[in-house]
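One chain, chain A, appears in both complexes that follow, with chain B as partner in the first and chain C in the second.
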Partner chain A sequence: MSNGHDSHLPGLPGDDSHDAAHDGHGGALVPEEPIPNPGLPEHVWRPTDVDAKAERRAERQIATLFGLSTVCVVLFVVSYVVFGVNGGADGKSVRTIGGLGASNVALGVTLGGALLFIGVGLIQWARKLMADHEIVEMRHPARSSDEDREETVRVLALGADESGIARRPLVRNSLLGAVGVLIAPAVVLLKDLGPTNRDVTDSQPYPGAGLEHTVWDKGMRVVRDVVGTPIRPGDLEIGDLVNAEPAMIFEVDDEGEPVLEGVPLQIAKSKGAVVVVRMLPGENKPAPGRENWAVDGILCYSKICTHVGCPISLYEKKTHHLLCPCHQSTFDLADAAKVVFGPAARPLPQLPLMVDDDGYLVAQSDFKEPVGPSYWERDSQQSTSK
Partner chain B sequence: MRFLNRSVGRLSRHRRRPVAGLLLLLLGLVLTGSLYAALAPSSTADSAQSDEELVAQGRELFLVGCAFCHGQNGEGVLTQDGNQLGPTLVGVGAAAVDFQVGTGRMPAVQPGAQNPTKPGSYTQDEIDALAAYVASLGPGPAVPNPEDYSLAGMSEEERQEAVSRGGQIFLTNCTACHNFAGKGGAMPHGGYAPALSNTTARHIYEALLTGPGQMPSFSNGNLSPEEKRDVIAYLYSLRDQPEYGGFDLGGMGPVSEGLFAWLVGIGSLVGVATWIAAHTARSSKPKKSNSGEEFAA
Partner chain C sequence: MSIDTSRVAKTNTTAATAKKSNPVGGVAEWADDRLGLAALAKKNLRKVFPDHWSFMLGEIALWSFVVLLLSGVFLTLWFTPSMGETTYQGSYAQLRGVSMSEAFASALRLSFDVRGGLLMRQIHHWAAMLFVAAMMVHLLRVFFTGAHRKPRELNWVVGALLLILGTLEGFTGYSLPDDLLSGTGIRAADGFIKSQPVIGTYMSFLLFGGEFPGDVIIPRLYIVHVLLIPGLLLALITAHMILLVYHKHTQWPGPGRTEQNVVGFPMLPVYAAKAGGFFFCVFGVAAMMGGLLTINPIWKYGPYDPSKVTAGSQPDWYMGWPDGALRIMPNIESHFWHRTWSWNVFLPIIVLPMLLFTIVLLLPFIESWITGDKRDHHLLQRPRDAPGRTATMVALMTLYGVFWIAGGNDIIAIRLNLSINQITYFNRAAVFIAPVIAYLITKRWCISLQRKDRETLLHGYETGIIMRSPEGGYTERHLPLPTERAYRLTARNRDPDVLAELPGGPDANGVEPPRGIAGGLAGLRHRLRKMMYADNIQKPTTEELEEGHHHAEHEHELQAPMEGHPADGHQFDGHHLVEGEKLRADD
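Entry: the complex of A and B
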């Protein structure tokens, strides 16, 4: 072992740049080998190294493992053809093995087996047959040799000199300018990703467009989600919970076509979703200015969490707490949906309710504040919940 | 009497006999009685009687098994520090009793965040009596009829339709707590939403109707009986489904799957890696051939 390159290793004694802590040792060199190097223990051979029979047996084992992998691949192809995923022979039920989908189980087991057997075979090969004698490999110093460093600096300097970048400022500055202007295409492309929130809100390309609006409007009925039926106050008992939507998402025009379709429909659904709960009117503590937003203890809040926008309907009827399943934000629906726990920063927006001439629950207006999580301009909005 | 005597007198030569009027009166009474017994809704009298008996029997059972927590008249009992030992049962209805006692949640073993299900302590007759008594305390939802929740008699097409609609209703209204596969989930303060994998149709219907514990109720005005039955059809269809994708590990989502991956998956990898590095059979014999010297240094 050669230690002739000690001076290249950082942090060794004798280095001028060394910190003061080591100076306490008087700068004396520590011994190169504080503990005598015991060397490698004597190599012990494996049975396969010393016994020709064992060696051949190991060979056969490894070949068998690789063979099994091949068999698994064949079985994979066979099971891909044999087990359908779109229904079995009767065209109805998918075949199962032990209550599990036959196709999934067969494909998974055979492909997994094929890979596993190759891996096991390789490990067996390495353990039984490949040379396993111990060796010592010394670390190399990270620093390049002085000759290499000098050569590199010389080549760089030569390049700078021959290109004349220092002598030709016109070329250099025009290159810098050209590279700098290259930022313009990125700015132009990124700027045109889509209309800004303000543009969408102002132009209203479809009902309830923009982050500040939903499709809720004065007189729009609150209907049950999925089935789309309107709700009378008398339908609901104390403790009832209704997952509801604005009536517009179920409406059809004169020709039987849906009023909202595609992206506007999905946006209307996701922003307009509400929960309707009924509690004893005395249990509700309405926020100032919201005294007439409830109908006989029936309250309606946005279903979209103000934290990151998960739909919430995990409702505890005794505590009137509504919990978000994503991050456990908890809102007290009897207290203007104030946050009582969790990362949400804002109460759920409340939808003011009233009853229309036919006796169904309808909205008094749109939400008075944007629904859902915060966004760039959100905090500049006047919040009615304050 | 004179009028009766006269009208009958034409029919009988014994009309002037003193007992004739009396006999006729008896005959009329017997005839009226038997006609009434034959034609009138015969059950009314009996059931009024037996309802009363049922309520009385239920009250007996209630005083023994329930009154300690719920009060002798079902008014509810508060503990000294203001907590509720047992809530009032006025107005919870027969359906709540049938659900709570039928699933073994009541009578509770001990007060706590939530009462687990257990084998029932009462026979169905006793539950009916308790339900009748509690229903007599105040108006509340009655035990539903089997036609409301039974899936029998539906054609395959109707059943598929019900499963499809019920699935959407379940995913909208129930999955927040009960998980999309109906396997239940944890709730605040030590509570939990139970798994619905083995709940009977009747108890699912009653739970929807009454909203046990913290669960909001889905009264018939909120979720119609047909919609409730659709939800039941969906939950039942889940039970028949094979696990196409492999073991569901309780169907609880990332918790059990992540635990499995960490413990079994990574654990077995660590174990195998340790085994590969640690064990290699060694021979005590030296190598015979010359090539060994190459490595023996």
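Entry: the complex of A and C
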């Protein structure tokens, strides 16, 4: 460090050599008060430094640790060969240790042991046998010296001068503008990451495309979600809740191929899932305009939470409350699925029901409002009047 | 032409074979001839690092990152980041014949058909938990000890960026297997994205390649998880390390340790061995955890199905706090001009985390604005010696804790048989009240500890020796601290006398205070300075210390006749031997 830097040295604790007005700490301080720095304590020899026996013992300990590591590696390789991976393809029962898969436990413990023994051995070596004299190194200020700063400023100014960047604003500004506009290709290129809501809503590339639509339609049967069987009103007892899907999810065409596959199927499920509940007709308080949406006290609501879109599943029969397991929004199914608790802001959309000629539950139409979480373009005013 | 070729050849021969005493030396020489590494190495190989257990926390984060890289590379060899539909035919019988994504099928294959695959999956997941946890505890250590002060503010910023990137890396990682739990998490994330005004729907459709769930989100998250974020993490970790080496590590004040030096053990060999050994230890612990502790058993959740959900859905622990904020937010939504403002989602999950992250990022700058301290600081402070700062961080931790608890409100309600509604109402109030209480308690606690330090310096430590006076009164004998310990307690700066500063009138130098916004800011700064400094206990001055010692000596003299001779008391605390000492008057 050159002498020119000394004025930038940080102060000692209690050091008042710095300028009090500059650092914002008022008051004169006595250097090194109230107790002067006693200086580095004397080095204390360890047993392994002075006792040859202790030293050899430490050596043996460390070598043993490294040896144990190798033992673990051997056991690891043995475990790899001996233990088949959890659950053999032959259908044989899984070998377990303490309820966990034998292969995983054996591989994990032996690998962990192999690594830990090396680690502990190395640290032990450093602590017991390597020189333990503390070393003092001087710090340097993080900042450059004044000469370096001046030189840098001079060179920068020279560069600015030689390029004429200050004298030629036309060149400078047109360059800045041109580089700035280069953001446009980067943004434009990302447009095809996916179609927008308007794109899919207008072109309807698959049934029920767009945030305002689902695959539900007039006359589509309400079917049980796993098996796909249609539901008669008589199948449901009072207090029942059934997870259901639109029948289209299970439909096959003339050649036996599913109507919906892949992405359209996943999207149909993600928006079309519903719950069907039956309560005493008198218990339900239908919202205005929804008087004929129920069949014999059977109501159908979207299963997708209006908060952030988790499927809702926890039903309390007595209170008709439906609870979302993700963030605990609670909806009263007997009161137009209004929010009675939690962070959701809107009722669950209701699917108007009727019975078809064969006596099965079907939809009167699609949902009258978008299902799922809120989004910017969602126009709540058209909620039930669509 | 009379060139003496024999001499040229001889010189060349000598140069080419010079000092090749051993193969290692030869390789080193070959490399240095081309890279000139010796100049760099000579400065850094014996670089000094101070020793303290708390300096190890950042190291845990660093080594878990290396474990993540190693185990992650293994996982990529089998994992298929595809949402293509497939029918499972692997060895896990319960799911055979079930339709699922290739991503989930390959994650099952890793778990049940690749030996060590489940182990690596679990090591990877546990190491991720450790990585984020170690970064957070490291951040707390740095802040509580004042290691974020000048000149290290920018390294704090790098560290904060590492924390948020590590969190995102964790989220993208646990989303990849496309199981029911992680799929539900992605669906909720889609809801978060859609809640943003104006851009929300576009963002969602661009990210998912159309409507949720689409078939591109897993491959996109995969490339973010294995390339984009790890690349940024690596670059930032490198910057973090370079700055650490450039600034040299902070150290605790103590005998021989000053602001101008750094005292400790050299990089080679002690720290190379300790840090290298510690890498093996971290890896070993992660391997043990991977072998013995089940984490993320995706086969129990099953493949993602957008119409299903599991009860008690919980994200990984570090995503718990924004989830908690989301749970306790009142359900406010506005509708203006046929547009929806989803405050109930947008505020807690988008605005709040960004706001809190910004606050954390700016903490060193806010503090230096309040203190006005522009000096370099290389000596650490004990948390008690900066009560305002310590209390601020404890308040932030409390805020985090309340949100985190709120994120588990369903589990708490079930386990403790409480009403989820009441837990939620309680937490709504607690996020505002608890941090204030935590601030006040912590600050007072720190000041009490400072008072105790001052007391010990002035009157000595309690020896446990009870003296009985002729009148029958009992006193405990106090003895002065050993010099090294006393020095350690006094090796700190005095706080400025904020009560002498006048925010309203001209200051001590007669300079008029600023008006308008500048004046308001100056007033705010003065109030914050008072919060930070006004009640702190300062270390004793030299005079006070001397007076204390005189007082103690006087007391010892008074007590001396009781024993027949002045005992210094050190016979009983091991400071010197008792052989030949007259311990009782009748000896």
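Everything below uses one rule, namely that the second predicted complex is superposed on the first by the 314 of 386 C-alpha atoms of A that agree within 3 Å, B and C clash if a C-alpha of one lies under 4 Å from a C-alpha of the other, contacts with A are read in each partner's own complex, and residues count from 1 in each chain.
As a convention for this text, contacts are C-beta pairs under 8 Å (C-beta built on N, C-alpha and C of every residue); 3 or more make two chains touch, one makes a residue touch a chain.
Since we're looking at a predicted model, the values are computed, not measured.
Undergrad: Please indicate which partner A:225 is in contact with in the superposed arrangement: first for chain B, second for chain C, both, or neither.
TA: After superposing on A, A:225 lies in contact with both chain B and chain C.
Undergrad: Which partner chains sit in contact with A:317 here, chain B, chain C, both or neither? Use first/second/both/neither.
TA: first
Undergrad: So in the superposed three-chain picture, is A:170 touching just chain B, just chain C, both, or none of them (first/second/both/neither)?
TA: neither
Undergrad: First (chain B), second (chain C), both or neither: which does A:183 touch?
TA: neither
Undergrad: Now for A:243: first (chain B), second (chain C), both, or neither, which partner does it touch?
TA: Once the two structures are laid over each other on A, A:243 reaches both partners.
Undergrad: Give the label of whichever partner, chain B or chain C, reaches more residues of chain A.
TA: It is C that touches the greater number of chain A residues.
Undergrad: Determine, under the contact definition given at the top, whether A:123 touches first (chain B), second (chain C), both, or neither.
TA: After superposition on chain A, A:123 lies in contact with both partners, chain B and chain C.
Undergrad: Is A:104 contacted by the first partner chain B, the second partner chain C, both or neither?
TA: In the superposition, A:104 touches chain B and chain C alike.
Undergrad: Common interface residues of chain A with chain B and chain C?
TA: Overlap of chain B and chain C footprints on chain A: residues 100-101, 104-105, 108, 123, 127, 131-132, 225, 243, 312-314, 325.
Undergrad: Give the list of chain B residues in touch with chain A in this complex.
TA: 165, 168-169, 172-173, 176-177, 187-188, 211, 213-219, 221-222, 227, 242-247, 276, 280-288, 292, 295-296
Undergrad: Could you pull out which chain A residues touch chain B in their complex?
TA: Spelled out, the residues of chain A in touch with chain B are 42-47, 49-51, 94, 96, 99-101, 104-105, 108, 123, 127, 131-133, 225-227, 232, 234-237, 239-243, 277, 312-319, 321, 323, 325, 330.
Undergrad: State the interface residues of chain A toward chain C in the complex, per the touch definition above.
TA: 9-15, 18, 22-27, 29-30, 33-41, 80, 83, 85-89, 91, 100-101, 103-109, 111-123, 125-127, 130-132, 134-139, 141-143, 190-191, 193-197, 200, 209-211, 225, 243, 245, 261-263, 266-267, 269-270, 272-273, 303, 307-314, 325-329, 339, 341-346, 372-381
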